[in-house]
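Next come two complexes built around chain A: one with chain B, the other with chain C.
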Partner chain A sequence: MIKRILKNKLGLSGLLIVLFMSSLALLAPFIVKYEPISLNIEEALLPPGPEHLLGTDSLGRDLFSRIVYGARISLSVGFVAVGIAVIIGIILGSIAGFFGGIIDAVIMRFTDIMLCFPSFFLILSLVALLAKPSIYLIMVIIGLTSWMGPARLIRAEILSLKEENFILALKILKIPTPTIILKHLIPNALSPVLVNATLGIASAILVESSLSFLGLGVQPPTPSWGNILMEAKSTLGVAPWITFFPGLCILITVLGFNLLGEAIREELK
Partner chain B sequence: MLRYIIKRLVNMVPLLIGISFVSFLVIHLAPGSPTSISLFNPKISLEAREKLNKLYGLDKPVHIQYFNWLKDILKFDFGYSLVDGRKVSSKILERLPVTLTINILSLLVIFFTAIPLGLYSGWKKGSFFDRFTTLFVFIGFATPSFWLALLSMQFLGVKLGWFPISGITSIDFEYFPWYKKALDFLWHISLPVLVASFGSLAGLSRYSREKFLEVLDKEYIRAAFAKGLPSSQIIYKHALKPVFLPVITILGLSVPGLLGGSVIFETIFSIPGMGRLFYEGVMMRDYPLIMGLLVIGAFLTLLGNFLADLAYTWADPRIKYSK
Partner chain C sequence: MSKGFLIKGEAISKTFKLKRGWQTFFIKALNKVSFLLPEERILGIAGESGSGKSTLAKILVGLIKPSEGNLIYQGNLLEKGKIQLIFQNPYTSLNPKMRIGRALKEVLYYQGLSSQKGELERIFSLVELPFSLIDRLPSQLSGGQCQRVAIARALASCPSVLILDEPTSNLDVVVSKKIIDNLLKIKQTLKMNYIFISHDLGLLSYITEDLLVIYKGKVVEEGSTPDVLKKPLHPYSQLLVSSAKRDFSLGLEEEDFSDEGCIFKNRCIFKMNICQNQPPLFLKEDRKVACWLYQN
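After this line comes the complex of A and B, so read on.
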């Protein structure tokens, strides 16, 4: 499958973008020349140039360093939040699909109810009400509000898989139910979730940056693409580059995950 | 048809109860009570605080609070705002029209640009136009709406001066004749509508392209081509309807996304709508207001799905009402 994704031009570019951004995030300390939070008022609002690749912000911090460190935040929020969502989705979806009946009805009605809420409304209220926003809290909250897709997919897969002969055979062999679910049903039901998760990372990154932009996400001075944009709002007229580059990074990263997700979907067809 | 509508409405009742329960739970999970925050005078005495608790019913057990609240919202009474003491329902009602207008306009923009775009690029599959729109679609999907809002504010608003960048009316709005009022309003909300529709536009045009290609591959369409019918007739008479139907559903499903997006663009463009009200409520920990808006937001989502379903059944007689 990986080979065929590499042959798909859009999929390959998506994969390259994701790898590039991940390596930026991982190698951040070795890439940047300046500390992302070190101030230097004398060099405030410098346009992009050889010394400061992408210019500096209103406090003289190097924008390139801040963006590279911001990649760490965005990608880790994306991966962890989706990890949480997928785990919740797998647990609820497989229980609902396997046991059916009233358990299934209750879980699926709950899923329907959660899907009725505009998710950004729900996330905002949780973020603002639960505690002071921290990056971990944001990961958990995005995860807690986006498990519905994976849960539905897993349930649907398991519903069709459990009628297959190999599962019936396992039942006849008196293999314990948890083993059947964990070892045989879930691994076979995962592929559609893979697409959903890849696209989910993209939307989690968008949600985190929107939250940080509203001042309800990652708090300054820790740089995140969203809060750099929040701070850039006041200098939009004089230093448009501070607004331009972080947004472009969000766009490219999200684009990468979306392209990759679409390519995997094409392959699974 | 009437029986179908009634059935659908009855089915919505347990969902609505669930929605109210989750909204209530979300707010009451929060640590700290609304009367304890700094919004009130920090020197406030314990006695006064207890009085406040009593006033808002916060001294009663949680389940009693829930049932009282539920009884009230059935009468469209969401209690009183903790910030200014005004009725939550009237606060929401005065903000709702702006948000609905912007979102309905965005839906129209999405509908009338995305579908032709998708259909045309499907028809010219593999052409330069098709590849260009595919790229545009992916970029549109990935563009953060608040970034787009900032950029359009800066370039279309400040640099070129084509559009106003905040509020929904000019200063001298009061003295305008009615047609000028309407134009002034439209002029003010053009940037927000542009920003709100941009993201969904991409998704829908991609979707209608895919659907169109699927339909073109159907045997009855291929048979029509083989018979030598003119292609315009085949498309307008036979191929378009099966594309439009699922698109209606998608539009219905895009309501929650649009509402969530309102929070962002209404905050940026300072539009006094529901999204901004929600943001203010969250910042001030205005519990009754947040609960009310969560319920209304979810209700609008349900309504969107319901209307989409109705339109679908009306347009496609094959769907049995009994289902």
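After this line comes the complex of A and C, so read on.
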């Protein structure tokens, strides 16, 4: 499958973007020259140049360093939040799909209720409600409000898989039910969730940026793409590059995950 | 028959409920089927598609419960998983994401048996599979090899009865023959009992000793395989035997689904007035046949 995704030009570019951004995030301390939070008022609002690759912000912090460290925050929020969502989705979806009946009805109605809330406002109010927004809290809250998609996908897959002969054969062989679910059903139900998760990372990154932009997400001085944008608001007229580069990063990263997700979906068809 | 029986079915019926919108249909897949699986005999069940053969197989292994009737198992065959089922399409009966060695080890593990290499080698050699295939996925095997793996997995649970539901109809003739011969050898070495379900009379005559002919969920004829196939009594059995020889002179007209009287009357060339009534099983030369022709 990986080979065929590499042959798909859009998929390949998506994969390259994702790999590039991930390596930026992982290797951040080795890439940047300046500390992302070290102030230098004398060098405030410098345009992009050889000394400061992408210029500096209103407090004289190196924008390139802040964006690279921001990638750490944004990507880790994306991966962890989706990880939480997928784990919850797999647990609820597989239980609902396998046991059916009343258990299925209860779990799926709960899922429907969760889907009724406009998720961004739910996240906003949860963050506002819970005292100090930290990056971990953001991850957990995004995860807890986006498991419904994976849960429905897993349930649908398991509903059709559990009638397959190999599952019937395992039942006749008296293999215990938890083993059947964990070792046989879930591995075969995962592929559509993979697509969903890849696309989910993109939307989690967007949610985190929006939250940070609104001041409810990652708190300064820790850089995240969203709060760099927020701080750049006031200087948009004098120093447009401070808004431009983090915005571009969000755009490219989200595009990368979406392209990769679409390519995987095409391959699984 | 003195040796006793392994499974005895008494008037097994199964009705499926089907909902289409507001309407509910009832489909009678099995209608009062009685049979006996004696020890150390191979029972064959013959019938065309939709006759209820596979439903019977699923009832026998406990996957579905009969709507009516009794199943009597010797000892606790069913609870201990001593009855195993082999499916028609071998590729769908194995987990496509699990290597076959692991699939076998899993069964051995939950049976509380050793899952050492030696044990796996023994099972592989039982079904005449080269041990080098152990790390393959089902998709990397041929249909015949896959079916052998499915048989090996069933054998790993030490069953006493193996039900084979059209085990070779997806395979070519040579491979089928090899697998059937292998199964006969396993019967000798492990004292295995088989129930063969098939539409293929050639296969049934090759391997089975007793034969049950099913039509529309009802037993129409029952007797020893050579007798039934050499001189079929019921018009439906006659039709089956003649069409197996590519002789369609007995007719293959469209059927209808009326349940009144004899189930076969609309396709039968010997149709009489009495056929409006349901025939019981008449005894004729140690065979049972559900046809008014054999009333006396």
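Brief remarks on what is shown
Just so it is clear, the second predicted complex is superposed on the first by the 269 of 269 C-alpha atoms of A that agree within 3 Å, B and C clash if a C-alpha of one lies under 4 Å from a C-alpha of the other, contacts with A are read in each partner's own complex, and residues count from 1 in each chain.
The working rule: contacts are C-beta pairs under 8 Å (C-beta built on N, C-alpha and C of every residue); 3 or more make two chains touch, one makes a residue touch a chain.
Since we're looking at a predicted model, the values are computed, not measured.
With chain A as the common reference for superposition, the partners chain B and chain C occupy compatible, non-clashing space. Of the two partner chains placed around the shared chain by superposition, chain C is the only one that A:Lys171 touches, whereas chain B remains out of contact. Of the two partner chains placed by the overlay, only chain B lies in contact with A:Leu236; chain C stays clear of it.
After overlaying the two complexes on the shared chain, residue contacts for A:Phe120 are found with chain B alone; chain C is out of touch.
For chain A, the partner that touches more of its residues is B, with chain B and chain C as the two candidates. Contacts of A:Phe99 after superposition on the shared chain: neither chain B nor chain C is touched.
When the two complexes are overlaid on their common chain A, residue A:Tyr136 makes contact with neither chain B nor chain C.
In the superposed pair of complexes, A:Leu251 makes contact with chain B only, with no contact to chain C. Across the overlaid complexes, the C-alpha centre of chain A sees chain B and chain C at an angle of 100°, to the nearest 10.
Legend: residue contacts after superposition of the two complexes on their common chain; A:Pro187 is shown touching chain C, with no touch to chain B.
The least CA distance from chain B to chain C in the superposed model is 8 Å.
Remark: chain C residues 58, 61-63, 80-81, 83-85, 87, 89, 92-98, 106-107, 110, 150, 153-154, 157 touch chain A in the complex. Contact residues on chain A toward chain B in their complex (touch as defined above): 10, 109-110, 112-114, 116-122, 124-131, 202, 206, 209-210, 213-214, 216, 229, 232-233, 236-237, 240, 243-244, 246-247, 250-255, 258-259. Of all the residues in chain A, the ones that touch chain C in their complex are 164-166, 168-176, 179, 183-184, 187-188.
Taken in their complex, chain B has these residues touching chain A: 14-15, 18-19, 22-23, 26-27, 29-31, 138-139, 141-147, 150-151, 153-154, 158, 255-257, 259-261, 263-264, 267, 278-279, 282-283, 285, 290, 293-294, 297-298, 301-302.
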